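Read through the structure below, which is laid out as structure tokens, and then see the notes.
To keep things simple, chains are lettered A, B, C, D, E and F as they appear, and every chain counts its residues starting from 1.
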Amino acid sequence: MIEQNLILILVCLPFVGALLAATLPVHAHNAAAWISGLLLAAGLAIMAVLHAPVAAGGVVRALVLWVPSLRLNLSLRVDGFAWMFVVLVLAIGILVVVYARYYLSRTDPVPRFYSFLLAFTGAMLGVLVAGNVLVLVVFWELTSITSFLLIGYWHQGQAARDGARMALVVTATGGLCLLVAMLIIGQIAGSYTLDVVLASGDLVRAHPLYPLILALFLIGAFTKSAQFPFHFWLPGAMAAPTPVSAFLHSATMVKAGVFLLVRFSPVLGGTDLWFYAVTGIGMATLILGAMVALFRHDLKGLLAYSTISHLGLITALAGIGTQGAILAAIFHIANHAVFKASLFMAAGIIDHETGTRDMRRLSGLFRAMPITGTLAIVASAAMAGVPLLNGFLSKEMFFAEVVDWHNGTWLDNSLPWLATFASVFSVAYSLRFIVTVFFGPKADDLPKEPHEPSPWMRRPVELLVLVCLLVGILPGLTLGPLLNQAARSVLGADMPYYSIAIWHGLNAPLVMSAAALIAGAVLYLTFADTIAKGPEGPPLLHRIRAQRVYEWMMLQFTWRLPRKIYGATGTERLQPQLRLMVLLATGAGAVTLWGGLRLAHEMLSTPLNPAFALMWAVGAVCAVGAAWQAKYHRFAALVLLGGAGLITCLTFAWFSAPDLAVTQLLVESVTTVLLLLGLRWLPRRREEIAEDKLLPAKMRRLRDFVIAVVAGAGIAAIAFVVMTRPTIPNIGNWFLRNAYHEGGGTNVVNVILVDFRAFDTFGEITVLAIVGLTVFALLRRFRPAAESAGLPEQQQGEAAEALKDYLRVASVIMRWMFAPLIVMSAYLFLRGHDLPGGGFSAGVTLAIAFLLQYLGHNVRWVEARLTVLPIRWMGFGLLIAGLTGVGAWLFGYPFLTAHAQYVDIPVIGKVPAATAMAFDLGVYALVVGATILMLVAIAHQSLRSARLREVEAEAEAEAEAEREAAAAPAPARAPARAPAPVAGGTA
Amino acid sequence: MSRLVPHPLLSLALVLMWLLLTRFSLGHLLLGVVIALIAGWALGKVEPERPRLRRIWPLIRLMGIVSVDIIRSNIAVAGLILTRGRHGARKSAFVDIPLRLDDPVPLALLAMIITATPGTAWLEHDPDTGVLILHVFDVIDEDEWRHLIRDRYESLLLEAFG
Amino acid sequence: MEYVLSAAIGVLAASGIWLLLRPRTFQVIVGLCLLSYAVNLFIFSMGRLTVGVPPIMPKDGSVNPSAYADPVPQALILTAIVISFATTALFLVVMLVARGMTGTDHVDGKERD
Amino acid sequence: MTATILWFAMGYAQIALALAACLACVRTLRGPRAQDRVLGLDTLYVTAMLLFVVTGLRAGTPFFFEAAMVIGVLGFVSSVALAKFLIRGEVIE
Amino acid sequence: MLPATEHLIIAPILIPFFAGAVMLIYDDRRRRAKLAIGLVSAVALLLVAVELLNRSKGNALSGGNDIGFYLLGNWLVPFGIVLVIDRLSAMMLVLTAVLAIPALIYSAAGWHRQGQHFHSMFQFLLMGLNGAFLTGDLFNLFVFFEVLLAASYGLLLHGSGQLRVRAGLHYIAINLAASLLFLIGVSLIYGVTGTLNMAQLSVQVAALQSADRALLHAAAAMLGIAFLVKAGIWPLSFWLPTAYMAGAAPVAAMFAIMTKVGIYVILRLSMLVFGAAGGASAGFGADVLTAAGMATVAFGLLGVLASQGLGRMAAHLVLVSSGTMLAVTGFALAGGGAPMLAGALYYMVGSTLATGALFLLIEPMSREEGGIAALLALTADAYGLDPAEDDAQPEVGLAIPGTLTILGLCFGACLLVLAGLPPLAGFVGKVAIFQGILDAGGGMPSAAGWAFVALLLVSGLASIIGLVRIGIQTFWASDGVVPRVLALEIAPVVALIVMIVLMTTQAQDVLRYTDATARALHRPEIYAQGVMRTPRVEPAPAPANGDAAGDAP
Amino acid sequence: MIDLETLPVWIALPAALFLVIGSTLTLLGTLGLMQLKSFYDRLHAPTLGTSWGTAGIMLASMLVFSWAGGRAVLHELVIAIFVMVTTPVTLMLLGRASLHRDRGEGRADVPPAPVLPPPPQPVPQEEPAE
């Protein structure tokens, strides 16, 4: 039980630490370092406690349920392999913490660094101890994200930003692939629990999706472990501070990839596909990395490629997959972590103390920093595989595996040669690192005078080099048991104990090692000068840089190509969008009705009335005419539109819909006025634009004409088919039957609107209110185009002056119409429930009564006499309608339940009192308010621009005067205000 | 009183209108009165001054005269259209008539009469000179038209509105 | 009459759609008006055609629903008329403001090159 | 007999009015000037109103009255607005 | 007597309605008062929505899906309009309220001063949204669509400016055309089936004759196009990025849920009418939805990559999320099973919150300095407004320290969710969808399933690339000018992120909810029968309508 | 519905007559509208419809409905009155518009604008109410 909690604590500790560190002030360097170090040390202590059960071959598990239904639970497990890896991560982590404390400068925001570092460590530990493959992916992606932050820590530099982004993009892509692989594996295994998955190797390998799984899985593993061709992000990540490189590229990030390969080799390994893919890529990476490393002039660049190369080696071992190979892989994971961490730190010290990492500038540093030099030499030797150092041992084991193991393929046969070849380069670059930096003449043009670093910066390196030596000399005593324990936890309990010895006699691996050492030394010493003068990379090959390919691909595939396709598959123009919608609707109708659109057997038919047909001849002519004139003769189009609307009204009346006819007529009037109000602000269009007569424009019009005709024919056909279909039982019949008895009104349409379906009306008046408000708000910011800002053409010139009184007589009639229109509005309102009419039509009528006053006079005249607060009308209208609806609650009925009753009033008799009437009153008030608000808001624009003109003229005159008086160069800017209060809003 | 009921005659007419639109009953009468008062009050806002109607009788006479004139000119104009303007002999003209009326309300009444009578169209009235430009569909003698408008209609209106 | 009305719907719709696809805002707004006529008549036709019998009921009990016009499409159209009136007004204002700001009455706010 | 006469009279009136509407429409479409179009539309309104009344008469229902009344009382509003636009270039000053 | 608690079902519509209406009585310059009313309304909405959600979970007896009904005007189905609250609607209500409160608070930083009647329109938008989620009637759905659209027009244009007006013009034109299609569809359904009630429609659909069925399908296709325009499906979505980008920040945040209304309706109607019980119509449109949904994801991801600014990118992320939902709806309609749909619903909630947060973040992230006050001064200057008249004084508020860090963290969280990266809700959602796809095929999904998986992966990747590109530009490559951001602006974002985190840690609860929701959607007959059988409140014996009074007033 | 068969002759015949007169006059008016050459001539044509065209048809309607309703149904009167009252507004404005436009184009066949200089314009000082 305690152990379970300990695992949880182990994973949580770094995250908690990350939060803690993040909240520290920017300058709390020591505190942040102490927190980080102590937390990681605590982790080590936990691992110490866990050692006993793990050493006994057991697995410590912990489980926190997260999303059980997705089988996505925080399941953790520590076995020998994980244990060893966790210890490695924590130990090197502590050393990096110490090292970074002295490496980072005072000006860096250090707590943030530690915060990222701890978060990254937590994610890495999560990957190692995840007991659920999905959780593994979670942590896997978290390492990508946190490493992004770490690499980009010095984000002021372009290189850091690019490097971080590249690392993230590459590894997160891999993570997504891994996710799918894991999901499929879990699907096949029936569980996402790692234990079950590890036991289902046969099932997985036999599954038809195995190649796909393997491909996705390997993309995940290879991107992380920087295998060819995904290796390029790793050198790019060298822009990170050196402690980050020392951590990420020795024990953690990249090792997560090989960890996964080793971990899953029992599940996915053992097939030819696996061998070719994994060993093939591993060997390619090994060789390529080693070759490139030799030619890099940047210290960290050399180490980066060396890392790639060594990871290739481990990958190749995982691909071979024998017990020895797995053991060797694990061994090399540890060894590489130790010597590479120390080398990165050493490189960091050199950079820190000299100000450069360019090996062509560095020289003879041994005299200035002998201790660091010694440490670096030992570590390099381990990297080169010199005997008595840890690197030698695992390399020997690698050689032994490639020599001993056979499956008879060409790759298998060529492995020893390839391994030796790579080793030669490995020796050569190690040698170059030592020789160019520490030996030779003392460099005198370094940015800083070199000297030994502060001792605490060196301590981690010393410790690591000590480990190199200890493991190299006493492998069986130091790492042997742990290795076996780790390998057994991967491969199963039946693995025999491998004893690791320094001396196996004179055998092939030894010969290969010796040959590599000698050839490597010769290679470097022969070409040292050439390499130093050469380009950054191996001859010829340096021109093909994977990073450039990546960048090109990123540019092409994530920018240029998407933009191109996006541009081709989308548009920002309105017409194509509307055209598409029409086409899709027409197409959808055609597809669904193809062959299914049939006339009913017994068609309904109403006898033809020639008058009606004639009227529609008028309507059609008007509609087509409006369409034809709308571009150049807007006024004519407007008139014709009115004609079409009128015939539509007539149709409603003809086919028994008087309410519709009335409403449409009223709306028609208001719409015409609205459109006319708008016409004033549109640009003049007199001469035909020449382009219109060109062929493309004609073709466009032809195309649209065809579309319009087809769509129109389609809708006409549907209408015809339904119209002639026999009537079906519908809800309309119920309304007809019950309107009077249940709804208390004889006008069924009105009863539907204010009672049966009053909720529709309730929403509808809200729409009207919103639109009123929008129109009002929008017009507050209205500025006419320069062309329309002046007085209309008609009002300019002498003739217009003579027109001042043109309305004198007409306006009398318009004024006097105010009263009858109010009466008519009341009439339409009061009788709506029983006869055609109702709140809406009554409201519009009243609004027209007001409009007429505006038409007959002008805005100032009307508003000096009539005070209308349209927005208040709207507010009260909405409230009346809403409260009427809520009133039903008092009687225990749902919203909008209407009550109709006849109240007996003396003298007058029985008077109907229906709540529906109150609701209609709300509609009425709102409609009046909204309609007036819209009309008046537009009408006010003329007034506003008149004021604007006055103000501007005044300002201009002033400016003119000023210019003349003082010849001052900068006249004050005219206060461009147009504060015309619109009649709405507020009083 | 006159502030609350600025236009009593109009309000009366509105009550009548209400009763025409609905049907006569006590309830409707009361309702009509209320509505007419409200409407009249609202009109008072835009037209605060009551028109100076002195006598009503000339107006009634005018109505009778106009009704007859309308029928006559309907027939005349219809005939002109059917005969294509007496086969091309018809001549229309602008006739300017100096009017004595100045108040807009009687002028509006005159406009209604002239418009309702086919064959004459009100085009323009200049308040400064008092000249009305009329378009006459079928002119034989312009002075006859001046006489008609001034003596047949305008004089009655002048009588009524003083 | 069904022929006439469906042809009418077709002509209104076609005119409206043609205008909807035009580049000038005024054309579009006229098109929307015509289209909304077409759609209102379409809705209307869904209730079949009945001449001269509006859904206004006598007050005496028995009612034969099949003798009257279907009130439901009428109620729907009334709501639709109000809404399309409102949105037409809104579109008009937006079109004016757009014209003021962009200096053109092209629907895209810039003339095509 | 009387019914037939009245029936025919109604039918005649309907067709005559519809024809009148057609003629008015021709003027609306042809112009040539804007004021002609407005005049045409105004006439169209009046004929439509009369057609409403006749059709109501023929159907024997009083329910066409409201629509006719709306045209009769308010039909002039849009014509006035159109005419005012012609004179002043804007509808509300 | 209807139990008083039953009125809670209509509260999500009435609360914002009354709030919006009452505000109209106030002078528009009293924005603080209006803000207070608005916030009270939004909080009340949240409480009501949570209560309704709890109710809809029901008990074991009801199979965990208690459906509530509310007969408006006390008229029986199908004659009157009925409101239906079930798991799906309740979830959408909660989501709306959760998004509304932060957006409102954010607006208090100054956005609500940019134009008139912001708060009323905001409330009406909520009313429209909630109405669309609650109604069980097709035409009433149209009405509420119009309410929410009208409000969205107003809000999109809030503050005016060339960009907004141009975007608004397109947005309005397209939606007007779509609304006309909506009307055609609804009326055609009425013409063929004689009903407007969704439940009755679903009962009737199986028994339709073939000629009627063809017409019904045509109607459904028209309706579908109208909804898909709102949902932002390719190729009907080109208006969306510009419109969403143009809106003021709090408005854009609310727009995050606007596409979801379209999706909600499609999901609701297609599962109800064309579900397994739809007879010969079962599965109608499923393939189209799947294909178009995937095309939308593809287009969205292209857009994410092709975008230069964060606003455009966020808008395209909306498309990705929309496309995902639509494709899953298609799969579900074709018999894809509940788990995938459950995952998609979870994903939808998460991505909506994240997009909302992202839209709120955009403006502070791209703000140079000076805060909202400078911005307001600028617009006021551009439009020649009198500051005194327009009351555009800078909002005094607490500017927060560590601005960039907090902005960065919030941005990162949004990124994680939208890219589907662990550990936040986006990842859980995608895992759930993937599992659903794999489960549905019994381990071997269809080709479409694979394509969808691939598309989701690529879209996640595109999101990473795009957002990281922008994030780096903003946080790492900027010239070090720290914007002045008010606590009022950052608190809502943090609140949304906290919601996302809660959704992640409580993923099991949320998924259990969405799972039951998805299962309920697969059993439309429960919904339909429930609606059809809703009893009305029997009236107390009331005096009959006297005939004697005639038409006397 | 009205059963036409039950209408007495003294209702039906005048009604039919009024209908024929009214519609014919209206038709003639529009015929003139189409035929006549000048706008000012055309301006007269619609008044046929608005005067006796309207009157005839309204009279017919009042006759029939009054008889059918058993009481005086005179609401058509309202329409007739308002048509008469409002027509001048339109026609005056149209005539004026045409005159104005013709003068603007310098056409000689229309009477010139009045020559008297306009009196000083009283500029409205009131602020419009909000």
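We adopt the following convention: a residue touches a chain if its C-beta (ideal position, glycine included) is under 8 Å from a C-beta of that chain, and two chains touch if they have at least 3 such contacts.
Worth saying up front: this structure is predicted, and the values here are computed from it rather than measured.
J.: B-F versus A-F: which has more C-beta pairs touching?
T.: Of A-F and B-F, it is B-F that has more C-beta pairs in contact.
J.: What chain lies farthest away from subunit B once each centre is taken as the mean of the Cα atoms?
T.: A
J.: Using only alpha carbons, which chain's centroid is the nearest to the whole structure's centroid?
T.: Of all chains shown, the one whose C-alpha centre lies nearest the global C-alpha mean is E.
J.: Centroid from C-alpha atoms only, then distance subunit C to subunit E, rounded to Å. What do you get?
T.: So the centre of subunit C lies 28 Å away from the centre of subunit E.
J.: Cα centroid separation between subunit B and subunit C, in whole Å?
T.: Centres of subunit B and subunit C (C-alpha means) sit 39 Å apart.
J.: When the centre of a chain is set as the mean of its C-alpha atoms, what distance in Å lies between subunit D and subunit F?
T.: Going by mean C-alpha positions, subunit D sits 10 Å from subunit F.
J.: Where in subunit D do residues touch two or more of the other chains?
T.: Residues 14, 17, 19, 21, 24, 38, 40, 55-56, 59-61, 63, 69, 73, 75, 80, 84, 86-87 of subunit D each touch two or more of the other chains.
J.: Please output the residue numbers of subunit F that touch at least 2 other chains, ranges allowed.
T.: Each of 1, 24, 29, 31, 43, 45, 50, 75, 78, 82, 85-89, 92-93, 96, 100, 114, 118 in subunit F touches at least two other chains.
J.: Which residues belonging to subunit B are in contact with no fewer than two other chains?
T.: Within subunit B, residues 17, 21-22, 25, 27, 31, 108, 111-112, 122, 124, 126 contact more than one other chain.
J.: Applying the document's contact rule, which stretches of subunit C touch subunit E when the two form their complex?
T.: Per the touch definition, subunit C meets subunit E at residues 20, 25, 28, 32, 35-36, 39, 42-43, 45-47, 59-60, 72-73, 76, 79-80, 83-84, 86-87, 90-91, 94-95, 97-98, 101-102, 107-109.
J.: Which residues of subunit B touch subunit F in the complex?
T.: Listed in rising order, the residues of subunit B that touch subunit F are 17, 20-21, 23, 70-71, 74, 77-78, 80-82, 84, 92, 94, 96, 108, 111-112, 114-124, 126, 128-129, 131, 133, 135, 137.
J.: Under the stated contact criterion, what part of subunit D meets subunit C in this complex?
T.: Going by the criterion above, the answer is residues 55, 58-61, 63.
J.: Which bits of subunit C are touching subunit D when the two form their complex?
T.: 51-54, 56
J.: Given the complex with subunit D, which residues does subunit A contribute to the contact?
T.: 609-612, 614-615, 617-618, 621-622, 625, 635-636, 638-640, 642-643, 646-647, 649-650, 653-654, 656, 658, 661-662, 665-666, 668-669, 672-673, 676-677, 679-680, 791-795, 803, 806-807, 810, 814, 817, 820-821, 824, 828, 835-837, 841, 845, 848, 851-852, 854-855, 858-859, 935, 938-939, 942-943
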